[in-house]
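Beneath this line is the structure, given in structure tokens, with notes to follow.
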Amino acid sequence: MFIGEVVGNAWATRKHPSLKNRRLLLVKPIDPMTGEPAGDAVMAVDGGMESGPGSIVLVVDEGGSARGILQDEAAPVRTVVCAIVDQAACGGKAKKYT
Amino acid sequence: MFIGEVVGNAWATRKHPSLKNRRLLLVKPIDPMTGEPAGDAVMAVDGGMESGPGSIVLVVDEGGSARGILQDEAAPVRTVVCAIVDQAACGGKAKKYT
Amino acid sequence: MFIGEVVGNAWATRKHPSLKNRRLLLVKPIDPMTGEPAGDAVMAVDGGMESGPGSIVLVVDEGGSARGILQDEAAPVRTVVCAIVDQAACGGKAKKYT
Amino acid sequence: MFIGEVVGNAWATRKHPSLKNRRLLLVKPIDPMTGEPAGDAVMAVDGGMESGPGSIVLVVDEGGSARGILQDEAAPVRTVVCAIVDQAACGGKAKKYT
Amino acid sequence: MFIGEVVGNAWATRKHPSLKNRRLLLVKPIDPMTGEPAGDAVMAVDGGMESGPGSIVLVVDEGGSARGILQDEAAPVRTVVCAIVDQAACGGKAKKYT
């Protein structure tokens, strides 16, 4: 599980039926205390959080979780956005995101 | 989940029965905004998308998803192509792939 | 599975219902014999261990385990704290944490 | 999923019963177009392919797949050889392995 | 799956009930032909192999396998020792461990 920033989207006309009406988000992992990028961007599906470019989100990278949050056991997904992060704190300092 | 370009194929005569009639694709992860390579190529199975060399695809790297998309619980697969990417957008710029 | 130090927290108002009342912890992997950082911090959920900043913990990074420890099959989680580490030993030396 | 070359074996007298009569193979990932090593060797179980040192194989690194191919739900395995690769092709070039 | 050397232990008084009476081992991956370290140490649970510091072991890093070998579906584990390695062979050379 990691915190990332939604930096983009992707579109696909031809796709598995379970991905219909699902937003495909490009999420870049960040260091939650600095907001700096911390790894390569991954594709994720929005899990009903209405996240979009600029959102700071909690991402779960595990298939069972991903299918559960979409309530679709047939969905070919592994990575989902399952929370919008408001704030992170570390070593007595806090960083607000919302 | 990542976006990649199908760059090749592999053939195997001797293989697990569940892999019969499945295309074995070599997929290279790309940065979706530049199309540049972004990691080592992996082997993936086409999930009914009719992708082939040159296709820009969405890849899910998780076993349950992979077996679900092939509708074969016995298939020894982990990585499947589950969409053909038309376009990616990031920071106000878009890159078309189809 | 790895040993890490809880270094921070994150808060989210908008989140999947299964994450309600769950502490979102920022955990930094450490070398258990030196206590030195040994990789990038990840987000984890406290599995009833009452861990918090400063705790040295055992982390399991696997979805089935995570949902089991939370006793919630619908929880979108992959990473949980499942023990508070008291001591580590290696090569005849020991390092106490509690 | 990746393509690799079987480079060695390991033997264990004391092992989980599900591993009895299973070959433990040391497999080194390769770039399928050059045959050059492309990562650290992993241990894998032969999934009835009769692969051995020198074989170029398709490896699936996922537990459900591994147990399925061995038809043993109790087997502690994650990595299996599920095909012998005959040929790989990329960018108009082909490399034959059998 | 990888071969490693058990290099240490960890103790935890406060832990998930499924981890009671389980040895928490610190295992360092090794190159099976040289015995040299080949990556960062991980925490693993002994799967009834009675391994301890100095043992050369086969480790499976997958949750379903780990819970199966412990015969405890509720156990928050991902990494288990499932064999004691006697010998490895590669390129006509052998290295004995027991």
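The first chain written gets the first letter, and so on, giving A, B, C, D and E; residue counts start at 1 in each chain.
We take it that a contact is a pair of C-beta atoms (placed from the backbone, for glycine too) under 8 Å apart; a residue touches a chain by one contact, two chains touch by 3 or more.
What you are looking at is a predicted structure, and each value in this text was computed from that prediction instead of being measured.
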item	value
Between subunit C and subunit D, the fewest steps along chains that touch one another	2
Distance between chain centroids, defined by C-alpha means - subunit A, subunit E (Å)	33
Whole-Å separation of chain centres (CA-atom averages), subunit A against subunit B	20
Touching two or more other chains - residue numbers and ranges from subunit B	62-64, 66
Sequence of chains encountered when the ring is traversed from subunit B in the direction of subunit D	B, D, E, C, A
Subunit E partner contacts - residues on subunit D that touch it in the complex	7-16, 19, 24, 26, 40-45, 53, 62-64, 66-67, 73-79
Parts of subunit D lying in touch with subunit B, wherever the complex brings them together	1-3, 31-33, 38-39, 47-49, 58, 60-66, 68-69, 80, 82-91, 98
